[in-house]
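Right, I'll just put the structure down here and ask away after.
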Amino acid sequence: MTVQELLTSIQAKFPGLQEIPKVQGQVRGDELYVAVPAAQLVELGRYLRFDPPLSFDYLSFVTSIDWKTHFEVVYYLVSTLHKHKLVLKVKVEDRVNPEVPTISPLWPTADWQEREIFDLMGIRFAGHYNLRRILLPDDWEGYPLRKDYVAKPDRYD
Amino acid sequence: MLEIGPFLSKAFQALQALVVGYGMPPLGAWILAKAIQAGIIVLLVSLVPMVLVYAERKVSAFMQARLGPMNVGPYGIFQTLADGIKLMFKEDIIPIGADRLAHTLAPMVAVAPVFVCFAPVPFGKGLVPIDLDIGVLFIFAISGISTIGILMAGWGSGNKFSMLGGLRGAAQLVSYEIPRVLSVVPVLMLYGTQSLRGIAAGQQGLWHGFLPRWFIFYPFVGQLAFLIFLIASVAETNRTPFDIPEAESELVAGFHTEFSGLKFALFFLAEYAYVFLSSAMAVALFFGGGDGFTAQGWFPSWIWFMGKTFAIVFLFLWFRWTFPRLRVDRLMQFCWKFLLPWAIVNIGVAGLMILLRK
Amino acid sequence: MANETSLPTSTQEVFPTQVPETGMFISLGPQHPSTHGVLRVAITTDGELVTSAQPDLGYLHRATEKLAEKRTYPQIIVLTDRLDYLAAMTNNWSYCLAVEKLLGVAIPERADYLRIIVGELQRIASHCVFLGTYGIDIGAFTPFLVAFGRERERILDLFEEICGARLTYNYIRIGGVMADSPEGWEAKVRQFVKEMYGRIDEYDTLLTYNPIFMDRTKDIGKMSQEMAVAWGITGPNLRATGFKADVRKDDPYGLYAKMNFDIPVGKQGDCWERYCVRVQEMRESLKIIEQALNALQPGETMGKIPKTFRVPAGEGYGHLEAPRGDLGFYIVSDGSPSPYRMHIRPPSFVNLQVLQVLLKGWKISDVIAILGSIDIVLGEVDR
Amino acid sequence: MERTIPTLIFGLLAMLLIGLSLVVVTSRSVFRGAVALTGALGVVAGLFALLGADFVAAGQLLIYVGGIMIIMLFVIMLSQRPQDHLDRQTNDQWVWGAFFSLAIACALIMQFRAVYRGIFVTTVATPTSASIGRLLLGDMVVPFEAVSLVLLASLVGAVYFGLDKEDRS
């Protein structure tokens, strides 16, 4: 499916969703970028995953970006059947208590990737069965990938 | 001709006569002579593993496209000696959670029986330390004690990996003991004796002028018995492909994970001494002992015996460096569902052969 | 493939339940001969059967993604060397692909062919390590010294000749490669490729078709296609399930579109097939190297890239087929000399999580066989 | 001289046997107790050998030390952990138990004193395996086979009780 066809089939089910427009002078891949509100994420995910013409069965990666004013969670979806790609972006405005619903029941591969985001960026994934720190020690303070993170000197410094 | 057997027995007779002449009772003289013989065996059994370790390193090196030890002495022949000295001076570590008594005794229990086991082995003509009438049974009985050492090591270390290794070791050794003993039964039936010297002596001479009268050349019975004996022996010595009690990649080092220094060296010694013992037994049981078939007079019998023994030791080394490890349940299946039935069938066939011959 | 009815109703169905109270607890690692690095798997067993397994990571975490935000673009290549340290070439390449997407530069043809040659040599070297260590996991020691000590050494010699390093190459640069191949290098590669075919046959006789090895690995740790795709498994592990997926074919990068090669696939995704796919892949890699060597023409090896350059603002995702699977770099740039955010999609990390469900119900000996067949590198898992 | 050495060895073995048996009943660690029992059975084999019964001695070692005791140790290792080896192995009745054992020992000693006149079997091991074989597969073949039937029955029973409840039906 082409980018345009993908967008129309998504908007047919979720009329509110819009493509993220490409900013002038910026570089971007040829994938379709769609902004999704956190509330609609799971429902959209279910549709994308199981609707036969879409069947995005492979979640390549989940990551997050700290834009200083807000967070952004990025999902990179690929359909192994139709070979089309889709990038979903969820904007998280709340910097104090950021939360996004988990999609790990749909794509189990999100399990550890969401844990990693929680570990390093501090975004909570509501409904995740085992949201613990994964790379850092359990007693680590702060979320290192945030732009305002200040490294505390420890006993090795 | 370098037959040292008759020479040695004469020497011991002379020694006994000498000390009796100096007023020692004959029994005391006999005990003295046997003590010296035992000392020779202990020395031999301690030294042979060093040779075997060196052989293992070199054989594995050549199989793996490398050189092996090269620095200590010419071609690294003193490497094992150097390692032995190093092990002696290493710290003896006993873990806090260990059962100290079991941990300390385990290597000794594992290594002590192997020295006794060499008593009835016929190293050549007239070179039998004690010609026991129950030789074969004696070796099986005594070598079984070593298993207790492995269990004590597994328990005494207070380590889960050791414990699993000990458990696996116990299950494996008890199971493989059975086909191993049964595989020897046809030999005992056909030669009518349990003495290793007697069995070896029964295999002298040639069939039709060219085929040695070794047990291995008995059609079907000989080969099958040897095969089962060899496989079970590899399992009894805990070597690949049956090294699950110490499976490095699964159990770190199994029952000897927590052993260091001299204690570790003792386990090592026991393993190689048992390899040597099994090979020597195989030679006496299946390959005519010191018999040199058509080339009878070329070498003395003890060289024939040692040569054949090392050839079988090479088989052990070869197995170790080319086979992967079996899984524990498949190992048991192989023993109970393959080796054991065939060992029993073999006994039946041997019985038939004896009947037909009559 | 999957349909809505197969959708699980709760997370409990997808993920392992709580760690059982009974049974023996075994902490496999972080110091254990078979975890291939500092990985710890917390296993509870009932007798020899595994009832739950939780991998515990982070022992090798070096905060690569955070470090990248403080380095300039060319400096980051050095960091990527340290991710999957058994396949540093493909790490370099994947990162450069992402940056080149942002920059929009063209790569000279010779540089692209050299990338393919070193990339495929790297795949062979990496699979050699897998083959050797997997042999050790199963208890066969000799394949390790044959594959690791003989063949991989020769590849490292070739790499040393072309870039001066044996493990962390920093060879593939943004816009091309660091240096042209030295004289006589191509002939040496040809010679190696010629000999390697026979060596792979040797592995087959030594390990692949050994009855004990097959007994240990066949039908062990089976993975279905649906399961593999859902868990994001890529690379040989996915192909072993019979799924023909390879970034080199699906989303061709470099000059792979011109290359003629097959994608080896398995049938049922057990340990033996995961192993076989890799061995077969080595043969395919040799084919690709031969083709690339034939197509190699003299020419430039570095594109028109200034010494210091600015990357335009935006975002780019470059990924390729690394020896362990789909390795990607997602780079967000704000126009400054260093990336605003760099995310690595590490195949080992994603492949490893399936262990939570895959190990259940197998024996402890099988745990080692399964863990080894997933083929992880902890440098990449922990980053 | 010919008589004193065997007597000496017998004394040593007997003391060892009594000591090890005491360890079996008094040791707080089940595992140590089992190891001591193994040792005791080994010493019994030594006694057999001293009596010139070489085949029985080897059989004792092979079956009891190399077989049965290993299985017992196996069971102990399966069911216990190395950490908890400090359970008391005796109960309140041990005084009575010791009393009755001593009484029985005394009675046995009194009984045997009447028979024992310092006669000792020669230490020269005479081959016994042939005669044992003839006995077991000749005159005694019926009891011998009957015993193996009993063993078979107990094995079947063990397998039956070892099965899970669902598999039994």
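Per-chain numbering from 1; labels A, B, C and D assigned in written order.
As a convention for this text, a residue touches a chain if its C-beta (ideal position, glycine included) is under 8 Å from a C-beta of that chain, and two chains touch if they have at least 3 such contacts.
Keep in mind that what you see is a predicted model, and the values were worked out from it rather than measured.
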Centroid from C-alpha atoms only, then distance chain A to chain C, rounded to Å. What do you get? 24
Roughly how many whole angstrom separate the Cα centroids of chain A and chain D? 71
Chain B-chain C separation of Cα centroids, rounded to whole Å: 46
Interchain centroid distance [CA atoms averaged], chain B/chain D, Å: 27
For the protein chains shown, what form does their contact graph take: line, ring, star, complete or other? line
Show me, using the given definition of touch, all chain pairs that touch one another. A-C, B-C, B-D
Contact footprint of chain D on chain B as seen in their complex: 25, 27, 97-99, 101-102, 132-134, 137-138, 140-145, 147-148, 151-152, 154-158, 163, 166-167, 170-171, 173-174, 177, 181, 194
Residues on chain C engaged by chain B in the complex (per definition of touch): 24, 26, 32-34, 48, 135-142, 145-146, 149-150, 206-207, 210, 212-213, 215-216, 363-366, 368, 372
Which residues of chain A touch chain C in the complex? 23, 25-29, 31, 46, 49-50, 52, 55, 57-61, 63, 65-66, 74, 76, 80-81, 83, 102, 104-109, 111-113, 116, 120, 127-130, 133-137, 144-145
Counting only contacts in the complex, chain B reaches chain C at residues 60, 63-66, 160, 164, 240-241, 243-244, 247-250, 252, 320-330
Within the complex, chain A is touched by chain C residues 1-4, 7-8, 10-15, 57-58, 61, 63, 65-66, 101-102, 104, 229-233, 243, 245, 250-251, 312-317, 319, 326, 328, 330, 332-333, 340-341, 343, 345, 349-350, 352-354, 356, 382-383
